[in-house]
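When the chains are written out, they are named A, B, C and D in that same order, and each has its own residue count from 1.
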Amino acid sequence: MILTDSLLDFFLETRKHTETLCEPLEIEDYVVQPIIDVSPPKWHLGHSTWFFEQFILEPHATSYRVFDTDFSFVFNSYYETVGKRVVRSDRGNLSRPSVQKVYEYRDYVTKAIKSLFQEKNDPELLNLLEIGIHHEKQHQELLLTDIKYILGNNPLLPIYSDTFKEHPVEKHVQDWVSLEEGVYDIGHNSETFSYDNELGRHKVYLHAYSIANKLVTNKEYIEFITAGGYQKFDLWHAEGWDWVQQNGIESPLYWHRIDGNWQHYTLKGLQPIHPESPVTHISYFEAFAFAQWKGCRLPTEFEWEAAQQYFPWGSRWEWTESAYLPYPNYTKADGALGEYNGKFMVNQKVLRGGSVATPINHTRPTYRNFFQTDLRWQYTGLRLVK
Amino acid sequence: MILTDSLLDFFLETRKHTETLCEPLEIEDYVVQPIIDVSPPKWHLGHSTWFFEQFILEPHATSYRVFDTDFSFVFNSYYETVGKRVVRSDRGNLSRPSVQKVYEYRDYVTKAIKSLFQEKNDPELLNLLEIGIHHEKQHQELLLTDIKYILGNNPLLPIYSDTFKEHPVEKHVQDWVSLEEGVYDIGHNSETFSYDNELGRHKVYLHAYSIANKLVTNKEYIEFITAGGYQKFDLWHAEGWDWVQQNGIESPLYWHRIDGNWQHYTLKGLQPIHPESPVTHISYFEAFAFAQWKGCRLPTEFEWEAAQQYFPWGSRWEWTESAYLPYPNYTKADGALGEYNGKFMVNQKVLRGGSVATPINHTRPTYRNFFQTDLRWQYTGLRLVK
Amino acid sequence: MILTDSLLDFFLETRKHTETLCEPLEIEDYVVQPIIDVSPPKWHLGHSTWFFEQFILEPHATSYRVFDTDFSFVFNSYYETVGKRVVRSDRGNLSRPSVQKVYEYRDYVTKAIKSLFQEKNDPELLNLLEIGIHHEKQHQELLLTDIKYILGNNPLLPIYSDTFKEHPVEKHVQDWVSLEEGVYDIGHNSETFSYDNELGRHKVYLHAYSIANKLVTNKEYIEFITAGGYQKFDLWHAEGWDWVQQNGIESPLYWHRIDGNWQHYTLKGLQPIHPESPVTHISYFEAFAFAQWKGCRLPTEFEWEAAQQYFPWGSRWEWTESAYLPYPNYTKADGALGEYNGKFMVNQKVLRGGSVATPINHTRPTYRNFFQTDLRWQYTGLRLVK
Amino acid sequence: MILTDSLLDFFLETRKHTETLCEPLEIEDYVVQPIIDVSPPKWHLGHSTWFFEQFILEPHATSYRVFDTDFSFVFNSYYETVGKRVVRSDRGNLSRPSVQKVYEYRDYVTKAIKSLFQEKNDPELLNLLEIGIHHEKQHQELLLTDIKYILGNNPLLPIYSDTFKEHPVEKHVQDWVSLEEGVYDIGHNSETFSYDNELGRHKVYLHAYSIANKLVTNKEYIEFITAGGYQKFDLWHAEGWDWVQQNGIESPLYWHRIDGNWQHYTLKGLQPIHPESPVTHISYFEAFAFAQWKGCRLPTEFEWEAAQQYFPWGSRWEWTESAYLPYPNYTKADGALGEYNGKFMVNQKVLRGGSVATPINHTRPTYRNFFQTDLRWQYTGLRLVK
């Protein structure tokens, strides 16, 4: 059972944390959208707010007055159910509403939610509030990776923060964890929060496998580059090979070859690459090619979930071989919230784990993240199976 | 064990059948490529021949002289291992080699294969020959659907054949076959021919399900259209909805609304749609949306394989919900033949069954066909699961 | 002869005016680039400054220290001679340098120029300074029209200024001015400033013509729309017709049909259209089609120049039928300044006159503006010839 | 006055010549369209026939029965006035009507025209017939250059003819012809046939100039290449430079660098380049850049016309600096024939002269050809002015 007080605290803390992430930004940084996958920070601030307004305040807070009726148009993302919206590719073309206005909007909605929940503790509403909080936490992760992209693609390579630790090192020795053949239980089962895509505890038959207890490191990945991995078509999917050719890919995102040495853009600015850190900012195509080169493969999401208790995880989202598909008995929720997950269940890969950008307590062993196979701006990494 | 004589007969019969399929064509029909997914018939004739020359004659027939060294460049498809090739989008720009020259090439290679195998019966070579035959049979299917596309997109809508039966009717009553929860064996196991992607008999855990004993019919699909299925975004994947919008999709491929009635282009020319025939020429996106609208879903490829013994199949390739992925213990063959299947195992869906265009004995319960989610020029259909 | 003092005043006044134009902006408005033809205001501020630094201070001010070596990369526009540059389509992706930094850059360079010219009065340097001032004035015009585009394509349609007069009315009666057949002198001849593309006073033979003493009005243009002008292909060039179809053009840029009435976005926000104001924000294609519909034609730039003394002009840039080509004896200046005009002399049309966005004294009877035939974000208009 | 008999002979001879040009073709060569600017030979055969059917037979031959009502849809080119048409980019996707059918169509229409004109000699009809003949002659030129493109882009580089002389040599010494400043008469004036775009004899003022009596040769062009002409951006228009970069242009069309020597595809197959032949298959951008490199310029079309009597011409269409614009008093004909020229008068350059592909007597000193600035598949060349 959800307690109103602690949930409100959780809500307020989440709202505050989003804004803390933006503290190092100049106003200009809030506005731009260098590629379609990246949203302007201003948009994340507004959209996560609009979610509470649209799904909780408007339908349930009787005396609530919408902050600005135009904002629904600007800050709706993909919810076709709730009306027209600015197309995604246009988000970076909007200088207004101003950043200050968006912060006013945040305050206004935060206060209205607070008032509402000081009066009500209807379980259904609390459930919506919880979804809204988790939704905002998801956007915190995107917010940070989008900020990195915005700054990391600026030719001045500005520094975001001198203290953010992006590249921890796993200090244990690489080893293989072997699991036996058999039926395993997969999916979310407990009373705590989860998304609908991880629900439906069900059985999966796994054949025997061995999974690495450690993520692939930069050192190993540099060996792959040096061995000509980006030039050997037989390591790649046909579609991956086209992607490499058409985009002239030769290394992970943010890597720069300067005077013969690999450096990369980090939130602390340009830095030498630490060989023992897990490699990151690679696409599924690259993860797959690396595994082929090693004579290994990527785990399925089920193999990962069954084995996750035997290794530390959480600094990189880990690409799996599994396509993002519904679990048995998955049913889409009605209405706009039903658009949250189900409509993306095609032509994407599941990632498991979490990353240095993931808010604390936001991920869990059954959490299913998903991205298209060519995307690299998240803190993605890989773990081998043999 | 493969017997040389019967395999040679199988070879000769296969070569002949390819040419029989082309009999109704004008020379001009052999040349064009209206979309990138369709290859000119001339190219299929040449490519299936080049396969025997490249992988059997050149390496194994000592006195063999290549018919024309330029043909390797023209008729290679995607085998990066064996050198440069005309890019796929350019196949329809090649008027030469002429059709007659391509038939001479076929005769030349057919005879050389015959001579070679009258002398040798090395099991490895026989294995290659068998692969080459099955490769050509696969191209027979594409050849027919490509011809349909070439003629069906010509504004004159020419007739291919007055006798080809494209639209059989399943006469039994629609019913549900229920299977119990448990572990099932999946994949190819016997001594007979199969592709590498279906090998590796393995266990899969299935939860209880009911699968239709009949394909979805045109009548049912027209109900979906009439009910506004193509206008309801909540039935579609986000990517499917974009596809519908951008391409103005309102019905299956080849359907024409004429004076208020649905007709479709068939190999017999324009015909009224038979309501009891299975719907065909739909994309995965459409199959999925239809199933959503019915409150059902598509089977996984494992559910299909476990249940296939309980229903007739083979007139439509059936879309499944399964992404095309390697089976446990799948390993890519070395060299060019390793490019056959593995490199396509991303962002495609598995289709099971077979179709009216599938050569006799070319499919089997474990056969895995695969296409991108937006393709419609094959005889695709769907079967529901609940 | 150019006097240093008055030129320095002119310089300081020009620098100040650019900043005055930006006063109504929010910081966010300085950053975005909704279409490739529009540059972020921040970029105009920096680029017009970089021009002075690059072409005057660096080569001629001995003790000058470049403000920031990265700025050359960011604020170079098309000068291939002077090194690498951010591609035009990426200007809106740069949040840094910040607006404040750009203003610091402006102050720094303005002061350095002031110091330099207090010491030197070398005629060649004065000439460069004059070019730099006119260059900045040209950017003032673009700055204003780019601001209009940025705000006018924001769904919130923000107001820029309550006082800017964009839509003056020509109060005289429409009449025709007739000129006789004969040889006319064309081009710039006097001692005052001009660009190289208007130099080379030369003779042109004109046949007799009559030119309107008044610009085409909104009222007349609405008649064209009402008469189906956008639907009649025979009024359009083939390329213009494709442009209309592909972009769904039905009215000038910024026009909105609201409850059956035409309104347009102006720098004062959304306003009813004044029927007697000259029509503006139309492409060459539209100007041509309108003239065809009227049974008239557009003037050549020579007809315009020969007749300009007989009518008021300066509120709209007027499309002419003339392609933008070099005058006889035109020669490109050496080095980077030679890139200023000559390299654009293909596939563009000449516009004559000036517009409400043109800085005072910046245009003249021989001034040649030029744009591609589909562009509409300038204050373009048209005058008929018969 | 046009005499019916001689015009009928001219008609029959023209019809026959079109077919003679196709004699070396394989049926397959009639069908393909490797780029949008090239039409399949079959289409030229049909379109030039449809023109007679559409504009003469249908409206004026009372008992005429249209050969096939679908052909209007297939063989209309850009005449929006006369109904729907297959879009240009789809011409190469049509295998039907077959080549044989198109020849039957030709015979049918040729005979019907013959019958009609044996009965009638209405001057208006004779005028239409004359236009139709010249229209077909224009297509003969395109037919030959399209055939060259189809064969020259086939990796087998097939030979069209062993006798066609594409590359004549101008044997006289290069010299300059100087013309005095003054008023010149331009445009077509005589009683003989011309297109509407060359009509309206009018006066043009020319300043003194010197024009070469000889076309630029391959030898001179190779010097330009060797001197790095394709790498020096200051020789190019901005748009031309983008074209060079994006398409990796390094030499004229059909040139191949083989073992250190320049060869080119000709209608006789691959041949060494003759240094004294005029360079051909270059775009306007290349012609302009070459002239810049030489410190010269291209002539205007008026300079060319005034001087053409002093030099031999007719082996290359010669790029001019003039944009394709209407002459004074140009008026578009009513109806579909009005679409012939006027609608293309934007963003193209005038070419003067004629080429080895131009039918005898088809060009004249006032003839204005026109193409976009990047096209190269015609036999284009250049002549310098200083």
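Basically, a residue touches a chain if its C-beta (ideal position, glycine included) is under 8 Å from a C-beta of that chain, and two chains touch if they have at least 3 such contacts.
Bear in mind the structure is a predicted one, so any value in this text is a computation, not a measurement.
> For the pairs B-D and C-D, output the one whose chains share more C-beta pairs in contact.
Answer to which pair has more contacts is B-D.
> From the centre of chain A, which chain's CA centre is farthest?
Chain D.
> Nearest whole angstrom, what separates the Cα centre of chain B from the Cα centre of chain D?
45
> From the mean C-alpha coordinate of chain C to that of chain D, what's the distance rounded to whole Å?
Roughly 37 Å, centre to centre.
> At which residue positions does chain D touch at least two other chains?
Residues: none.
> Applying that definition of touch, give me each pair of chains that meets it.
A-B, A-C, B-D, C-D
> Which residues of chain B touch chain D in their complex?
Against chain D, chain B makes touches at 26-34, 42, 70, 73-74, 86, 90, 92-99, 150-151, 153-156, 158.
> Give the list of chain A residues in touch with chain B in this complex.
Interface residues on the chain A side: 78, 80-81, 181, 183, 202-205, 207, 233-234, 236-241, 284-285, 288, 297, 321-323, 325-326, 328-329, 338-339, 343-347, 373.
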